Amino acid sequence: MRKVFLGAAAAIAITLGTGPASAQNVKIGVVMSFSGQFADPGAQIDNGIKLYMKQNGDTVAGRKIEIIRKDSGGIAPDVAKRLSQEVIVRDGAQVLAGYDLTPNALAAADVSAQAKTFMVNMNAATSVITTKSPYMARTSFTVWQVNEALGAWAYKNGVRKAYTLVSDFGPGWDGEAAFQKGFKDAGGEIIGQARYPVANLDFTAFVQRAKDSNPDGIYIWVPGGPQPAAIGKAIAERGIDKSKVKVMGQGELTYEEALKSMGDAGLGLITAFHYDYNHQSAKNKAFVTAYNTEFKRNPDMFSVGGYDGMHLIYEALKKTAGKTDADSLIAAAKGMRWESPRGPMSIDPETRDVVQTVYIRRVEKVGGHLVNVDIDKIENVKDPWKARQPK
Amino acid sequence: MSTPALSTRGLNKNFGSLVVASDIEIELPQGVRYALIGPNGAGKTTLINLMTGMLKPDGGQIQLGGEEITALGPEARVRRGLVRTFQINSLFPHLNPLEAVTLAVCERQEVSRTWWKPITAYSAEVDEAYGILKTLMLAQVCYRQTRELAYGQQRLLEIALALATRPKVLLLDEPAAGVPRDESAELFAAVTNLSQDITVLFIEHDMDFVFRFASRIIVMVGGRILVEGTPDEISADPRVREVYLGSAHHG
Amino acid sequence: MTSVLGVLFDGFAYGMLLFLLSVGLSVTLGMMNFVNLAHCSFGMIGGYVTVTLMNSMGWPFLATLPMAFIAAAATSVVFERTMFRRLYRASDLDQCLLTIGLVFASVAAAAYIYGTIQQPVNLPSYLRGSYQVMGVTLGAYRLFLIAFSLVVTAVLVISLEYTRFGAQVRAAVDNQRMARGLGINVDGAFAITFALGSGLAGLGGALAIDIVGLDPSFALAYLVYVLIVVSVGGLGSIGGSFVAATLLGISDMAGKYYFPEIGSFLIYLVMISLLMWRPAGLFGRRA
Amino acid sequence: MTSTDGALAGPQQYLRAQQRWRAIEIVFWLSLLLPFVVTPNYLVLASQVAITALFALSLDLILGYAGIVSLGHAAFFGFGAYTAGILSKHGWGEPLTGLLISGFAAGLLGYLMSFIIARFRHLALIMITLGFGFLLLELANSLGWLTGGADGLQGVKTWPLLGMFKFDLWGVTSYWYSLIVLFILFLVCRRLINSPFGLSLRGIRENAVRMRAVGAESRAHLQKIYTISAAIAGIAGALLTQTTDTVSLGVLNFERSADVLVILILGGAGRLYGGIIGAIIFLVARDQFSGINPQYWYFPIGVLLVVVVLFLPNGILGGLAQIVESERWQRWTANLTPWRKKP
């Protein structure tokens, strides 16, 4: 009982923005999917968080960091919102973090705004999210950021007639719109497009259709899970020659496990992304090694989102000397710039969104393994969608 | 003679090559107690199914009190007064007799459509149901779940449910099947003592009961009506003797 | 023209996958009246066995398939003997609750043992790539899938219809009391039927990895498709499941190719209209 | 129940006694107020429990009373949720009228669907409800301009309740609101099942063939209860929208339909309280288990379901009722309370 009331008192204190005594722990409520269809991204984000804390200790500016994990179990903004409320009200968290899925992040943004709580979006990639709370920053990427850059790059590299195939839901539509905008602005022509059902299992029919329209570039937007491998295999099976037709997509298309099950079928796929474990830099090599020691697998974009998210929280806390009120923390986060395993990145002081390098990679065989090899890069990419919104 | 309570003309039904009803012509006058007898597989239950609309005939017509009902569904026939019971108990296991019979009364009165008034507001219907149960000696057990009742009581409840619909014609499919003999007699007595407005046709294997309680008898064999007449006529008929009464065992 | 043939071929292959995954449920639900929502959990076991044997022990893909079958069948027998049999006479709802509980537990157990990661399966080279036959592209794995499923179906039908064992099983599930009277080991027949159905699901799970992937959510994600096949085909009918799976596989594929804009609606529209036309399923005996 | 046995009481008194409020019911409802005092930090959870309980109650009307098993009941929950959300987004955030409009909209959808639903039974019925659930989900996904698609509906803003009570971070208003709506609709359902109509529904569940033979208008009854159930599910959905200011495709998905079915069976179908008890146990267990381990909490939940089935058939309430009605228990309590004579 006593604990319950103390928690409530602390929560009230925080929501009033006064900030509790600095001797207390800094509690970070991490809300995302730990179970269900989206459990793996959740696990990888969590690994990123754990590794960062292992490397950098669990004490910042004299205050101990405590993580409270909450499972939203999939697309469930009502649950994500409740858990975010509870983690503040019940557990006394001063920072919200995690958020793998757009609807969940959007719902939690309300809580962040209402309770005046600093929030780090470690994954959800829809542009609009960061506009929903003035206390939110993002350490992942946005769909527009990556795909508009890819569209422009495609035209510059010889693609004139493209076909787009995307998953039929919000992020897929965003990917489609972003690629088409980048591509058409550069002068390209879209000769056909299709959206496939979210739960689609077999892609043969869609790939055949794309092939029949004779494009010189095919753009694909696919979420993680089993679909990338299925698409990669279908492309190889339908006999699409990747030296004549560029097959392009966002990074998920060629994530590690997908490539493993595609086998040589994956060779030659081109993707745009902000991170890959094969990215060649000293910082990333160290990160990948440490990650493997700890979790027996390679990090991915989710891991780096969690890792950099923790970095942002730690650095912001250092700047505020342990003060946890949302105004101080977000002020500290704005404009922060650092070298991540993914390369240089920063938080846009205006939009609080991530600014980073977008890499263009091609699947090649290196030492018997299929990996994404960087073949080009576009530096300092901001979220273009936000730049176009009326201020 | 006035319009028969129930009549069929040229009723036919096949299941593939198996003929289960062939050219059935029946006329049941008002108020008569009819027995329908015949060896197993003669098509007696099928005939009831056809008359009550649970099976669709391949050909022929059925009239109830002079009204053509061949095209009507079973519910509509019940609401016009053509009601049956089942050979194998077909009851509401988790309702008690009071609830079950009240249900049937309420359906008849069309008050089952109201969902905003409690059942206790319909005291006339409840009393009527209780009255039916009383006449059938079920009042003592009417608050017990049906599935807990003795078998004979469940057979009576079958009839109670049928009575609750205020039938004009009542078709009883072996009402006493499985009931001890002394209880069967009570049951048949209760049936024959029903109001003379009700025409009754019952299927029964026990010839004692048939001859004691039926005023007329129909004999079916192989989906056809062999003969129809008074108990005396039937017992004297040599054809009946041959195909039916003569056989050593009728079960 | 070639596109039509191609769509038919791909749809048929996809249908065969659905068939393997669902035929066991059709048998246990239709003949034994047991609602086993954990059917795909047994399928998942098959998938994980194949992955483990291939990736950790270096077994060739084909050699893992019998193991997938055996593992799923054996596990299912354990559950059948210890839990399911106690509920053969319980209400459908209780059966649902029990088996959905097992699904939840199996999802968590798979996540605990294998992690939430997508399991890769690297097929041997002769199952990859494709052949061109009269201008139609035939995927090698799909050809294999079709051939394999046809053989399995044939074996299944022959062993149930033309052997003494099959006759006993059919007698046992048709009329328990009579079968017992004839001295047939009814409990044994039930256990074997259950094992057979789950084993086939295990096989389906193993064969599905290359096409639809494998992670702990498999047990829930494909339940819906399996239920669709079973209901459209008609309970207890092997032939019905075969036809329904083929029909759904092909209509799904054709829908995506010719009308991609309604691709996601199609499988449900097909199911609803078929069931409205024949509520007992295409080959069902009972509604 | 059995203590009123014996035909001593007249049928009127008997039925009245059946419908009377029992002490334990009153205690139960009063105990739902406890979270305000005992666990004020759990009010947000409590309000979601109340909403889920209402949803399960709506399913109980068709499953527990009319025997319609549905694997697509989220269709109505979601339809109500989106109706409330879209209303609010376009400028009408008043909660009470929003609730009524959403319930009406979902009821209308239920009425249209009931023409199909009432014709089928068994597996075909389950799969047709499932199919419609998926169709509605896909429709909501593809109508992005209206529903916001996969990102969820944005801009939902519910006005303060009665113009006075804002929906606060602690869930005080949410819980009051959800609990009162739950209670009112529970009263409606209670009245409904005690009516002649409710009796006919139980008849349909017990023996649909027999209902035809007593001339019952079964199909009309099924259509009516399906419509009412859909409306209540819609109200539950609207409550969720209003208390969280969010709507996403999650309100329509298969998991929600399956969960509510599990909750109802867990609690015990056909008893009105089953859904409420099921919702409390399922959601609190989930909250506690996932608090202990956010990754593997499905395991203990699964085990819980298995254990309940093996030891308490027909759900928690069904199993308890069986124990209470068992002879051993009767004898035992008779010894404890000698003045309560068994007839």
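First chain written, first letter: the chains are A, B, C and D, and each begins at residue 1.
Following the convention adopted for this analysis, contacts are C-beta pairs under 8 Å (C-beta built on N, C-alpha and C of every residue); 3 or more make two chains touch, one makes a residue touch a chain.
What you see is a predicted model, and the numbers here were worked out from it, not measured in a lab.
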Any chain that touches chain D and chain B: none
Farthest chain (mean CA position) relative to chain B: A
Chain centre separation (chain A, chain B; CA means) in Å: 73
Mean-CA-position distance for chain D and chain C (Å): 33
Intercentroid distance (Cα basis), chain D paired with chain A, Å: 38
Junction residues of chain B, two or more chains touched: none
Junction residues of chain C, two or more chains touched: 107-108, 111, 264
For chain A, residues that touch 2 or more chains besides their own: 35, 39, 43, 168, 197-198
Listing of all chain pairs that touch each other, if any do: A-C, A-D, B-D, C-D
Chain D partner contacts - residues on chain A that touch it in the complex: 1, 4, 7-8, 15, 34-35, 39, 43, 69-71, 73-79, 81-82, 85-86, 88-90, 102-103, 106-107, 110-111, 114-115, 126, 128, 168-171, 173, 197-198
Touching residues on chain D, where the partner in the complex is chain C: 69, 116, 120-124, 126-128, 130-132, 134-135, 138-139, 141-142, 254-255, 258, 261-262, 265-266, 269, 295-299, 301-306, 308-310, 313-315
Chain D residues touching chain B - in the complex, by the definition given at the top: 4-7, 9-12, 14-16, 19, 191-192, 194-200, 202-203, 206-207, 209-210, 212-218, 220-221, 224, 228
Partner chain C, residues of chain A touching it in the complex: 35-37, 39-40, 42-43, 168, 194-202, 204-206, 208-209, 212, 224-227, 229-230, 233, 236-239, 257-258, 260-261, 263-265, 297
Contacting residues of chain D [partner chain A, same complex]: 38-42, 44-45, 48, 138, 141-142, 144, 148-152, 154, 169-171, 240, 244-251, 253, 255, 290-291, 294-298
